Amino acid sequence: MDLATLIGVIAGSTVLLAAIFLGGSAGIFFNVPSVLIVVGGTLATAFIRVGMSDVFNSFKVAMNAFSVKLSNPQEVIQEIVNLANIARKNGLIVLEQQPINDPFLKKAIMYCVDGHEAEFIEEVLQKEVTLTVERHELGQGVFKGMGDSAPAFGMIGTLVGLVQMLATMEDPATIGPSMAVALLTTMYGAILANLFFIPIADKLALRSKEEERNRQLIIEGVLGILKGLNPRVMEEFLETFLAPEDRKGGQDKR
Amino acid sequence: MDLATLIGVIAGSTVLLAAIFLGGSAGIFFNVPSVLIVVGGTLATAFIRVGMSDVFNSFKVAMNAFSVKLSNPQEVIQEIVNLANIARKNGLIVLEQQPINDPFLKKAIMYCVDGHEAEFIEEVLQKEVTLTVERHELGQGVFKGMGDSAPAFGMIGTLVGLVQMLATMEDPATIGPSMAVALLTTMYGAILANLFFIPIADKLALRSKEEERNRQLIIEGVLGILKGLNPRVMEEFLETFLAPEDRKGGQDKR
Amino acid sequence: MDLATLIGVIAGSTVLLAAIFLGGSAGIFFNVPSVLIVVGGTLATAFIRVGMSDVFNSFKVAMNAFSVKLSNPQEVIQEIVNLANIARKNGLIVLEQQPINDPFLKKAIMYCVDGHEAEFIEEVLQKEVTLTVERHELGQGVFKGMGDSAPAFGMIGTLVGLVQMLATMEDPATIGPSMAVALLTTMYGAILANLFFIPIADKLALRSKEEERNRQLIIEGVLGILKGLNPRVMEEFLETFLAPEDRKGGQDKR
Amino acid sequence: MDLATLIGVIAGSTVLLAAIFLGGSAGIFFNVPSVLIVVGGTLATAFIRVGMSDVFNSFKVAMNAFSVKLSNPQEVIQEIVNLANIARKNGLIVLEQQPINDPFLKKAIMYCVDGHEAEFIEEVLQKEVTLTVERHELGQGVFKGMGDSAPAFGMIGTLVGLVQMLATMEDPATIGPSMAVALLTTMYGAILANLFFIPIADKLALRSKEEERNRQLIIEGVLGILKGLNPRVMEEFLETFLAPEDRKGGQDKR
Amino acid sequence: MDLATLIGVIAGSTVLLAAIFLGGSAGIFFNVPSVLIVVGGTLATAFIRVGMSDVFNSFKVAMNAFSVKLSNPQEVIQEIVNLANIARKNGLIVLEQQPINDPFLKKAIMYCVDGHEAEFIEEVLQKEVTLTVERHELGQGVFKGMGDSAPAFGMIGTLVGLVQMLATMEDPATIGPSMAVALLTTMYGAILANLFFIPIADKLALRSKEEERNRQLIIEGVLGILKGLNPRVMEEFLETFLAPEDRKGGQDKR
């Protein structure tokens, strides 16, 4: 798990737990039926929405997003420029023996080595990017959906509790504690959605965008290699994909 | 009904019923007038929104979505590649006698056999896909609309109950039970929307997307057959429609 | 008014009225000042939003949507195919004397008869469709706007009532009835928005989409006539605009 | 100020004031600190959002929208058709001396007279339209933003009031009036947003759309003049920009 | 910090602090645990959403947006027109020695001097604009995300407080103050979101749009220089990027 996420999850949980334990009566905050309503209801609707395998897939995708690192775009640019230099000197065929780190770049280079036309290669790679983005959107959709369901089931649980409390209101002394229990599901739902599901969905969206940008960069680079562009010009062009402070070439040289 | 949906519906209902029955006074939760307001109001607005036949159609479409299985894209690719091989050896005409499982693929092949131009075929098939997506959106719209109406009528029912209770507030002992009843419609609306209507609308959207992707795959494949593309190249291209782990050709061979 | 809408409006009103009258004290639910705040405020903002004539226009448009029937697309296809057959045999000029039901089709055919170029005709008809859709969006916008304003003025009315009640809270016995009255505006706003304004806006949107589809169908058909397409091919192509179960040609013949 | 807006503002304010004064204790509804929180907070955030000059600009734009009348599209079409007739007989140069009411049309004609190419003229005019729409969106954005801020600061004010009331709750008799005052900010925020800011933002959007349509009409017309189109054909084409009932040519002649 | 923002922040804070201090018991409004829940939870989720470096980056970007001034478009147009005049007389190469204020314009001119083709220059600059907009969107996204999280954690904090209060409700006299404390987190969340995070996100969006417009203007201008357009015509064209009242050329000369 990457450091920021770890810090985020720990810090977020800590402030909530601190608030709960400093308040004195921490025991009241843990209530198994309330957990069951919120977690059970949220999972149940996720199953209806997308099917079981996609729910588990999304959890796997989310795990990946937090542990596997994306290729660094600067390094990918270096790799592409190196390949362009080699291709210029020794021809495209030699690229087959080069070690290539990024799997998408490797695949793209293989298409070049196989002698497909530039147009075909661009179409296949572009379609791959589009369809990968769509698959990622499914994963985000699962978490966004759970981010909608959790507060809804929290509210449903609270309504169930309120109805029970109101229907059998005999001893006024029990009203407070009963209502506290009823409110727990709303609290669980809000925490699950706002500390976990929604930020994770956002993280997946951000990550998908970064991966897409990396791949667009690779497609531009590989097309440049096929066209036999000057590697220095290509580097300058590919560096527009980086934030200004991450560029090494271009305007600094002037 | 597919398994995940069944599990989802059963699990979701179970946690709610458990919460209700474990609370002791389950009787209070079932109230015919409250059901009538929420279900009646939701159906009534659906009738105004899209007309009767579209409401019933949507229920049929939803039933289908949960019971009929879509063609598996891997099998469709296999089928297309087989057809491409046959067409290469024996010409397009022979395809007429091939058994074809997917109805959309069958239709597309028939257009080829009939000797229409590639451009016309692409236009007709593409328009068919666009218009099918629009028809599916109508179905999703009905469920999304009911997902909006159910909580709204839940709230209206609760307001009616509160006004009645407040206007005739004489014996404080009746306040609790009256308010419990008033809250029931809100609870019904929330459950209907969040456990059924919204997840079903999402399911239909997902399913429509999958069907659209299948059909795009078929269009690409049939156009490839018409152009006389190499079946192996075509397979590699069509496999970009699959998730990486479902592909058999392409990079694994290397 | 078409049947489904009638059923919807009656059924929706009936369940609400039943809930109100079965509760015993129906008199409390009818309060003239509350009606004035919600209806007056909603109309007032509609006037600010779009001007008076557009508000009244929208009501007229909505009335039309519920009473005038659209041309049935199957019949329009039949009409176009007939015209295509006639034009094939006797030339375009003869079409002038044909009786044509759909006014948009009639207009399109007149352009053909007048000898305009296909490109000009397509541009004019397409622009007409785009601008008609924009005009319809204005009508939907009025109802969507009222669907937003009605609950807002309901809440404002309730706040006014609550402030009055709280400021002069002397006899606890009057709290209940005063609060009941305060809640009425919220209830009125919710009913107006959810049973009328929002479903009507949705209906107008759906209707606009259907009309647009009809007109696209007509444009395609008329362009086909101008190109001298084979009427049978044209029928097959135009039938992609229909749901599969409404088609008579195409795959069934096989 | 156009009549509908005036009626809308007066009618909306009247129903609210009637509700307040008929309730008896009108004095309680006017509270200077509450006004300051809502109006001050709303203006303060508008300053942060877009800067001072844009806030004041938006007010000016809104004033214009309600007082200055747009060119009537029918008259603009007449003007264009006249110019087309003159240009046909006496050449483009003569147009310089024609009196032209609409400033955008005047500008477009000047470009023609200056001898620029049709392509350049279309590009400049189209860019002008796009950038005008963007400037209008800024104005709408200011009002939409205030429509979001006002209820938010209303809620913040109520929370401040509630905290003060709850923290010093000694004499139960003061609870009612304190809470009434606390609720006032929520009411102010709701009224400001729903009776003024949101409808004005909608009005500006509608007006911007109408102006854009007018300008598109002028661009089409001027390009037609440059191409030397038949004025009668041009009129028929430009009338597609009007609602069917506002057209004088076209289908009625038949 | 620009003046409007400063005024906005000071004015917004002043009205809130005035409301708090005039209410008498200002002490109750400052509660360290409540601050920790809202600020801690909001930051924690921001870390999960985008990672630490992006959170800090966004704060830096926001600081910049409020302190660094954008190039004034009128001056940029003057600069471009001057360069165009020089290039016309002495050729493109001479531009290298001209002092150029705007860094993006400087970069674009360097590409021209380097002898790249117009097409390549347009592609690189356009891609740079697109990717800069995407980077800005990340910054806005961080603030928008915090604008969503702050009220959510405010509500969570209030729920924690309510549960504690209700579970241990013994002395009715403590209910008021406990509830006041519970409501504080909701108030903090609302203030943070509505006075800071949301307006800042809007400001960044507006600023990003202005910068994009400036850069589009520069791209058009540099392409004009490359094509050797007449500087006077170019000025007239570039002035469409300005609001009518900021233009000096064009229609006023007539």
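The first chain written gets the first letter, and so on, giving A, B, C, D and E; residue counts start at 1 in each chain.
Rule of thumb we're sticking to: contacts are C-beta pairs under 8 Å (C-beta built on N, C-alpha and C of every residue); 3 or more make two chains touch, one makes a residue touch a chain.
What you see is a predicted model, and the numbers here were worked out from it, not measured in a lab.
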| item | value |
| --- | --- |
| Partner chains that chain A and chain D have in common | E |
| Chain copies touching (chain A, chain E) - same or different residues, decided at half shared | different |
| Rigid-body rotation angle, chain D and chain C, from Cα fit (steps of 5°) | 70 |
| CA centroid of chain A to CA centroid of chain C, Å | 40 |
| Rounded Å distance, chain D centre to chain E centre (Cα mean) | 25 |
| Of all residues in chain D, the ones touching two or more other chains | none |
| Of all residues in chain B, those that touch chain C in their complex | 33, 36-37, 40-41, 43-53, 55, 103, 106-107, 110, 116, 120, 123-124, 127-128, 131, 134-135, 138, 141, 145, 148-149, 152-153, 155-157, 159-169 |
| Contact set on chain B toward chain A in their complex | 2-5, 7-9, 11-12, 14-16, 18-20, 22-25, 28-29, 176-177, 179-180, 183-184, 186-187, 190-191, 193-195, 198-200, 202-203, 206, 209, 213, 233, 236-237, 240-241, 243, 250-251, 254 |
